[in-house]
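Below are the structure tokens for one structure; questions will follow.
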Amino acid sequence: MTFLMITGRTVNQGVTVENKTSPEYAAETSTCFMHEFDMMELGLDDGDAVRVTGPCGEVVMRAAASPEVEMGTVFVPYGPYANHIVAAGTRSTGMPDFKSHEVEIEPADEEPKLVHELMEDLGGLAYDR
Amino acid sequence: MIVKDAVCPFCGCLCDDIEVEVEEGRVVAVTNACELGTTKFMGEKRMKNPILRVGDEWKDITYDEAVKYAADMLLAAERPLLYGWSGTHGEAQCVGVHMAELIHGVIDNTSSVCHGPSILAIQEVGHPGCTLGVVKNRADLVIYWGSNPIDAHPRHLSRYTRYAEGFFLENAFRDRKVIVVDVRKTESANIADEFIKIRPGGDYAVLSALRAIVQGKADTIPRTVAGVTREQLVRVANLCKSAKFGAVYFGLGLTMTQGKYKNIRNAIELVSELSRHTKFTISAMRGHYNVYGSNEVNTWMTGYPFGIDFSRGIAFYNPGETTAVDILARKECDAALIVGSDPAAHFPRKCLEHLAEIPVVQLDPYPNATTAFCNVQIPVAVTGIDAEGTAYRMDGVPIRTRRVLSSDYLSDEEVLARMYALMQEARER
Amino acid sequence: MTELLVKNACVIDPLRGINGETMDIAIRDGKIVEEVSDAAEVIDARGMLTLPGGVDSHTHICGTKVNFGRYMSPEDMRAGRTPRRGAMHATSGYSVPTTYGNSYRYSVMGYTTLLEGAMAPLEARHTHEEFTYTPLQDTMANTLFDGNWAILEAIRDGDVKRVAAIIAWTLKAVKGFGVKLTNPGGTEAWQWGKNVSCIRDPVPYFEVTPAEIIRSIVEANELLHLPHSVHLHCNNLGTPGNYSCTLGSFGLIPDLNEKRQTLYATHVQFHAYGGSEWKDFCSKSEPIARFVDMRPQIVMDMGQVMFGRTTTMTADGPMEFNLYRLHHEKWSNHDVELETGSGIIPVIYRRKNLVNSIMWAIGLELALLTKSPWQCLLSTDNPNGAPFVKYPEIIGLLMSKRYRDAEFATVHPDTESRVPLPAIERELDWHEIAVMTRAGAARALGIQDLGKGHLAPGADADVAIYPLKIDEVDPSAEYQKVIDAFSRTEYTIKRGRVVARRGECLVHGSNATLWVAPKVSDGYDMGKDPDFIEKFDRYYTVRMSNYPVQEEYVTRNRRIETEAEL
Amino acid sequence: MKVTLAMKPAAKWFIPIEAESIVPKNFLSGTDLRVWRGNRELRLDEVFSVSVEGDADRAEDVEVVLSGDTFRLKRVGEYLDAGKITVLGGIGMHCGNFMSGGTIEIHGNADGWLGREMAGGTIVCRGDAADYCASGYRGGRKGMKGGTVEVFGRAGDFLAESLAGGTVIVHGDAGDMTGAEMRGGTLVVHGDCSRPAANMKDGSCYVYGTARGMIPTFKKIGTVQHDGRTLIRFSGDLANRGKGNLFVKGYEYLD
């Protein structure tokens, strides 16, 4: 199914943002908040893994129902998971389209990666001390 | 030991009424701060010493080695990018500008991915604003447009708007109306007197419609505009016109959606229009700590608030070209120094792919997402916790942050000053 | 110990009564001295015009409002960009240059001391930060009290001593220098979107009038024995017919101080307008100048307008909004809680515009009609009337009737019927220019005893040597030579070092800030006043303990203590 | 005179090169010109294989031909006032900025800010033009003031922003905020575009396709015949007290 993906700040994202190696930060920023009807249609329960495909690739997140989200849109806390699929074009303004990406969402049977795994996929090297 | 009136280093509110209790060199309790601030004060797991990436291993190095590495990297680069700056003090930002000027690099701060579009709009039409206390003491109407203070600036409501006592308001909670405009019904919308729900991407149209209605041209407006009925728009326009003092606070819901700065421009022009009828102001909900300070410092030193390219010696400014996301995505830099931010967590992947290809040095107290792309990371004192200096609040009020802890870590300013000294020496030779 | 000897200088030093004497100037460790040893470095001035370093008694160069002028104007910034070169950092900007841009350009013109005209106390730290990056001048900041709630309440209660006590506490807290009133009462009214029309209009809620504010604060200023007088930007700036309001304000002022004026009225050009609307707009420079001639207690500065693009910026928020409605260019406004406000818009003054032409004439008339140059100082209210780099042209205009006539021929043809300028024959001399640009400014600011504005032994060794011989140049005819010389010193000496030479700045420099700490008795210490503290805590959004500007913000600290009668 | 500049391959090919020296009149006095790659100043022949055929006394008689991978070459033709520049491939940002005369022809695509603040002359782009084609500068009040820009492919966002004079023609589609803040001049889009003429003050904007996200503060005047097409005429932008003309074939509000 196609959705409009909006990213934004949340308290939990803010609380964990200073500790990006923590599982809490990974959990918060890999949450895909959806309308419960959309979840039903995709056969998803809270916490199920979903593959979110955007203009720049795909990433696995976990679905969570939210009353704040409209049908047809999903909300993802600002962070490395959303950015894994956001296009870098800024329409020459310096600012990417963080709040207006069309994405495809389908159930997935793998776990979301850890933040450092995402970084390693892109050529980084995890620091784990 | 208890430190009173400490300044919170998390968001652009810079709450300066925080009490921090310190025992044996650790923060053990924080009073008055929101959850975000408290967590920041209590932060642990700092990086112990500078690290260098050698192949697929991390090796500990000394500060001297790390500083030398950074200086050499920047001196050798044809188009170095110096990015971040919102998480550090003005004093460090000044050294950053001097470095960019010396090595003919590009210096950009995190506003390019938060309120850079707001700045572009202000550069077109100006900015009728005020300090937060003016709103607290006077405003009987507050509009949050595309901003969600409960999540992003938790104490904004209690210190300045919804729950704040004000000199000219007998009963602030009752006498002050709050309107929230957003594409989704956020928690902030739940505490508003009126919620305007806009279809995604429809802010610009709604703002144009409101401007026309304020001018008395409601009849030409279609029955609904981006999901909002004309009746609601007329009601809101009337609420605005009949307010004694109205204040708009807008957030990334306007800067990050289609049209970017044109949305902000339209909002500012709405406020200018309303200023013909009553008192109205508009302000950006600046997010990251001292991001406004990075704009201020860059402006008095280079003339421009962000995205400054010194490649040719003189300052050149053109967001969309000289801003970090564009430069990285287009692979237009060949080295990067990151200070006081974490682009790997906040930039689209394509930018990170380029970071992986070029030498990167980062100053940050903690291991973060960008660490993975670093050749060298230099741990520093946490600005506003074990380093003191100047930060600018979202409304432009400069505050000196207090040091609540002492540590052996060097501050950003000290590390940068060492790098700068080495670079000056090399250039003079 | 460092020594410098400037030989064969043709000195005009009005505060010492020296007018064109050829002499040597001895300098040791940053001060003027009687003599130096043979080891001193020597500069041969070869008879060139040598003046005390320039003092600008009213300019906007640092702080929140100025920086916002830069922030919102990338189109202004791209004019005048220079790269880093030698000791000079990169600069940008024309009408609102970067701090380095201001500092270098002033230095090249021989200016060594600057008064920032308006600093909101709450944002004082910002002004001081920018002072640090204005390294080649000593600086001081006029502090805004026009809409200060605690003061408005004290005035309402008729308690002038409390007014003085609040000023004392605030100046000391924010490291301010003088007391500035910008559209007194009007900036508070503007926080409701209103204004006061002249000095008898009550301020909403506080119910005091601008006249009461001006009078009380003038009295308080003298109780504190501040070096400078109250520095007033009158109500009603920029409106036709405002000269009567200006005269009314001047009429409020008694002569309370033997050493200096009791009122400094700034950018009076903007307040000397006749007519009842723009259609019959005309100059009222004559009544203003006549009035000032009769009252030694008043000193003013010109606020000269020069043609071209600039940026207007003032604490006068409502005035800027009116300008915005006139021009519909971009408009910024910034109200400051419990204190004051500000506004900014870009403007272009055009020769072909009648109102602009009349404004241009009025500034010159004020300088030419006021008998004593000590009472009308040279300014453009930088950058409001024009960027300060236009000062040399203004000097040229004041010294040459021929130049004025040539310029007058290019302005709007109807100007002639609205202004007295064409009939004025007076041409100012070198001495008068020296008064208007340094000696008079230093005396008006009350800093001559601190070693500014003159070259007596003990004074700061701030010297400007201009590449011009006054006995060889006829300014009336050769005004271009005058303009060129005042645009670029041969040497600018600051604190005993050559900081600029022929257009290049040679050193990094470091700024000194002059600020005032009045000493008051315990009973008048607002830091201990329960009512003041309580209101501060309730209505400001910063904690009282975080309000004062710390020592860290002052590179070179020149604290001036005064003994207050409190 | 014909000057051919063939781009040489470079190690750091991704660093942009600023080449405002590439304007016809500079070649009248030889080819000893400088360009900048990042912060490094380079001789023209370090970056290009340079060949010159014939000679000329005036810029009008000079043609500069650029070939090779020139898509990272910025500021070519800045302040062009006479002569011709032909780009066989794509060209980088700021091509033809401030130009007042002469011709630039681009056979490939043009990157952002093509013809920014131009006052006269002609730019023809056979491929696509990226964002801010024929626009103004940041904070500026006026965009392009005169001359002609013709794009045969598509144009990006903010096409002809703050257009004040001259003519801009795009044969394909244009992006979002087409003709925003227009205050004069003529803009023609043969295809579709999004939110045309937002906040316009004056000037004429033609959309021969569909205007998506039509701004709600334009007043419908009626239909007109134009160039053999029936177009709907609007006046606006009312929000900005504008008196501009917007003509569209079809439109959709975001309602």
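Letters A, B, C and D name the chains as they come in the text, with residue numbers starting at 1 for each one.
Everything that follows uses one rule, which is that a contact is a pair of C-beta atoms (placed from the backbone, for glycine too) under 8 Å apart; a residue touches a chain by one contact, two chains touch by 3 or more.
The chain list, named the UniProt way, goes like this: A = Molybdopterin dinucleotide-binding protein; B = Formylmethanofuran dehydrogenase; C = Protein fwdA; D = formylmethanofuran dehydrogenase.
Because the structure is predicted, anything quoted here is derived from the model rather than measured.
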Most centrally placed chain, judged by C-alpha centres: B
Pair of chains joined by more contacts [C-beta pairs], A-B or A-D: A-B
Furthest chain, CA centroid comparison against chain D: C
Inter-chain centre distance, chain B versus chain C - centres from mean C-alpha coordinates, in Å: 34
Separation of mean Cα positions, chain C and chain A [Å, integer]: 56
Rounded Å distance between chain A and chain B, as computed from the means of their C-alpha atoms: 22
Where chain A touches two or more other chains, by residue: 91-92
Multi-chain contact residues (two or more partners), chain D: 112-113, 131-132, 137-139, 176
Chain C, residues touching no fewer than two other chains: 72-74, 78
Touching chain combinations (by label order): A-B, A-D, B-C, B-D, C-D
Touching residues (chain side chain C, partner chain D) in the complex: 72-75, 78, 329
Chain A-facing residues of chain D, complex: 112-113, 130-132, 156-158, 175-176
In the complex with chain C, residue positions of chain D that touch it: 137-141
Interface residues, chain B side, partner chain C - complex: 4-5, 7, 16-17, 90, 94, 98, 101-102, 119, 122-134, 136-138, 159-160, 165-168, 244-245, 272, 275-276, 278-281, 295-296, 299-305, 310, 312-315, 317, 390, 392, 396-400
For the chain D and chain B complex, residues of the former touching the latter: 12, 14-16, 18, 36-40, 72, 93, 112-113, 131-132, 137-139, 176-177, 180-181, 195, 198-199, 213, 215-219, 237-241, 253-255
